[in-house]
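In what follows, subunit A forms one complex with subunit B and a second complex with subunit C.
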Partner chain A sequence: MTSAPTPRIELAGVTKRFGSRQVLAGIDLAVAPGESLVIIGGSGTGKSVMLKCILGLIPIDAGSIRVDGQEVAGLKGAALDAHRTRIGMLFQGGALFDSLPVWRNISFALPGSAAERKAAAIDNLARVGLGPEVADLKPAELSGGMQKRVALARAIAARPPIIFFDEPTAGLDPITAAVINNLIRTLVTDLKITALTITHDMASVRHIADRVAMLHGGKIIWQGPLASLDGCDNAHVRQFITGSAEGPIQMPGARA
Partner chain B sequence: MIGVLVAIGVPVLAALASIGRLTRFAIRALTRMAQPPWYPAQVAQQMLSIGWLSLPVVGLTAIFTGSALAQQIFIGGSRFNAASTVPAVTVIGVVRELGPVLGGLMVAGRVASAMAAELGTMRVTEQIDALVTLRTDPFRWLVGPRILAAVLVMPFLVLVSNALGVMGGWLLATQRLGFNSAQYLATTARYLEWDDVISSLVKAAVFGFFIALMGCYHGYHSGGGAAGVGKATTNAVVSSFILILLSNLIITVIVFGS
Partner chain C sequence: MNPPSPGAAELSALLLRVADGDAAAFQAFYDRTSAKLFGVILRILIERQESEDVLQDVYVSIWRKAATFDPAKASPITWATTIARNRAIDRLRARPRAQVPVEQAYDLADDGPAPDAGLSHAQDTQRLNAALAALEPRHAAAIRACYFEGITYDELATREQVPVGTLKSWVRRGLIRMRGALEGNEA
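Moving on to the complex of A and B:
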């Protein structure tokens, strides 16, 4: 009998409150090494907060977050930095540094001389389908899709074993979104990355996910393999994937 | 009665909490600045942005104010046959007060607002979070270089402001009020003391610290999208103005009060 591998990421009973608002109300979730887990859920359900809690950007109120078996809550200084070296992050808006050229954005956390870092940046640009001519441009000179690709190149530059994707296709046209989805799936497979993605975009879910989980009311209310998503009988999940206005999920502020 | 206590207590507690947050921010910035890694290129870039690019507005303000001051001293002094005090009072007024204070206010208007807007935009677009995920301390990368650059550059700006303010007074006095150029400059030199210059430079460094601190503090804690950045910018300018005027009064009383 073989024991199950240690989850790369494991959340148990994680809670987080902002003032009177309980955003996370006991999250239990595990992501296996090399797995691509996509978390779906409505706006304001705490998906981004959950990612930031795992990164140590937001302290949790209670519960446990373990990455490769190590407890994240309470990490400080060099230990917290070491934890963050294991995780790359693609932010929703790209979060590229406006004042720096593309190559310095990508190689920001890389060691070495300027020439070595620029060469590494150009290599990573190639991985996301962009040419070296982009390297010296400023982020403001790029289209939204190109900015997302550059942000993706920055997220993978240090070859972290885990990458978080926060709404990777938000604000992109369907074709550019498909290109980003393809890139993410290819990178996850080629680089054997453990990926945790949050999105509203069902096309992204179907393209990127090995497994899907739904966050609602501060808890994971359903999770399962991608293949079981369409046959799922959870009313919340059904409403979300069909995009129906009728169902148990009510828009905040909507009249009953 | 309880309503009155609440009406007084709530804003007092809020003000104390704000002072506490600002103090903690300042201590955190200063302690992180003292520890490596340091980013000299960031400091140099900020020195250029704060110092070189503020020269036109500081210089013009000093020339116009120095000229107006000389004119007013001449008018006021003429009432009791003291018009000859124009060079002495102008140099003292400019170097002790107007040069540093107006220079500080001009730089605050230009720089504190720019810092708050830049850091505020970085906050709302998650660039500060991105810095942290890339193992870079925002206090060392963003806040420290701005404070250090402002403290280093402001004394030079105020030296220029003082020189141009005195020159403005000299220009007006010699071209319009009939003063002899050589006598004006000799009187100016005779009444200018080292204490005046040193207090002016100390004020400038203190003002630079407050300008950068308030710009960074309000920008760093900005939230709520574009409106939040706008509010942070306004708060940075207003609070740096108040701190400049308050610290100027304190330094003046300490140095010249006795």
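Moving on to the complex of A and C:
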């Protein structure tokens, strides 16, 4: 049997505490190259914190984070910049520059003349299903769904090998959400991107994931291929995916 | 000065009433602006409880300082955002060293021209916007994000996949050009 390839991203024993809250209590997780891993778990369970730790925005207390076998926890300066330029992101709030037209937003990180950057932006707009007429609009002139697609075009523009998606369908109507889910799945496959997605939208999970992992109590309590999600016998996972108020997961403040 | 947007005009009117001690106007101003100011603070401090504490402090300041707000000099949201950003930076710097994750974002003040060097209070918003408009668009956008919207260099670098050093040099060069343009106009 051949040995498995080096994981694209690997977390081992990662811990992080904020004040009295142990948000990450020993995360062990691996994402294979080209794989789409979706992390599920209740609000406030530390999923976003985990992404920010990998990006070096939040320092970890203990543990190891490796990307392509290289330790990235604790990187600073040029090494940290180099690490971050390999990871695109589509986070909540999209956060485009209001003062720049769509094409300058999409091509912000790209080199070259303005003409070259505009052409690249229009290519990436096409990849997210938007026409060139959108290129000169300002973000404020776009609907929420179109802004999200522009943010997605920006995330892929520099062709990073890794993209993080944080609640990519939050605030979108079901039809627009389906369009976004579809785009993410297609682009991740076509551009051979390693994707790490956080969501509590089960439709997104089913559309985007190759594998699913559940974060609860600061640890990964279950992980497996998408196909094994529905048959999973972990009570926490079952409660989450069925959206039930009954089960081992207690809302904070609930009486025992 | 460019005519204010309808939103800005309403917020300015609320602040004028707050300056007179109008508690209902203060509540309305809070309702309209607290989400945005919380976002500014949270991006800097990251920790939620601390950010909520700072948000309360900021609105106490706004209540006390409303009389100093001049709608001819700044938009009301820029005025409030600046208070929030400065208060969050002060709180960040007051933390014990070992816990501070992103203070490198504020090194620009130590190794380049001060952001408001050359800008006196007589500069009005229109000339500021004109000076920004004369810059390379990406440089102006970086200045708006880091100086007026409280986004840290770290966050902007991560969001845009541009190295922190590149962003800092864009901002530094942009501010130098702006200072030149604004000082040149003062003759």
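Some notes on this structure:
Everything that follows uses one rule, which is that the second predicted complex is superposed on the first by the 251 of 256 C-alpha atoms of A that agree within 3 Å, B and C clash if a C-alpha of one lies under 4 Å from a C-alpha of the other, contacts with A are read in each partner's own complex, and residues count from 1 in each chain.
Methods note: a contact is a pair of C-beta atoms (placed from the backbone, for glycine too) under 8 Å apart; a residue touches a chain by one contact, two chains touch by 3 or more.
Values in this document were obtained by computation on a predicted structure and should not be read as measured data.
Subunit B and subunit C, once both complexes are superposed via subunit A, clash.
Shared-chain residue A:Gln92: touches subunit B; no touch with subunit C. Contacts of A:Pro225 after superposition: neither subunit B nor subunit C is touched.
Once the two structures are superposed, subunit B and subunit C can be ranked by residues of subunit A touched, with C on top. Of the two partner chains placed by superposition, only subunit C is touched by A:Phe18; subunit B is not. Legend: residue contacts after superposition of the two complexes on their common chain; A:Gly112 is shown touching neither subunit B nor subunit C. Of the two partner chains, neither subunit B nor subunit C is touched by A:Gly247. By the document's definition of touching, neither partner reaches A:Pro174: not subunit B, not subunit C. After overlaying the two complexes on the shared chain, residue contacts for A:Gly74 are found with neither subunit B nor subunit C.
Working note: subunit B versus subunit C after chain A overlay, options 3-11, 39-47 or 93-101, clashing stretch identified as 39-47. Shared contact residues of subunit A, touching subunit B in one structure and subunit C in the other: 52, 55, 57, 81, 84-85, 87-89, 91, 93, 95, 97, 108-109, 154. Listing the residues of subunit C that touch subunit A in their complex gives 39, 46-47, 49, 101-102, 104, 137-138, 140-141, 144-145, 154-155, 157-165. Touching subunit A in their complex are the following residues of subunit B: 121-122, 125-127, 129-136. The residues of subunit A lying in touch with subunit B in their complex are 52, 55, 57, 81, 84-85, 87-89, 91-93, 95-98, 108-109, 154.
The residues of subunit A lying in touch with subunit C in their complex are 18-19, 52, 55-59, 76, 78, 80-82, 84-85, 87-89, 91, 93, 95, 97, 99-100, 104, 108-109, 154, 158, 160.
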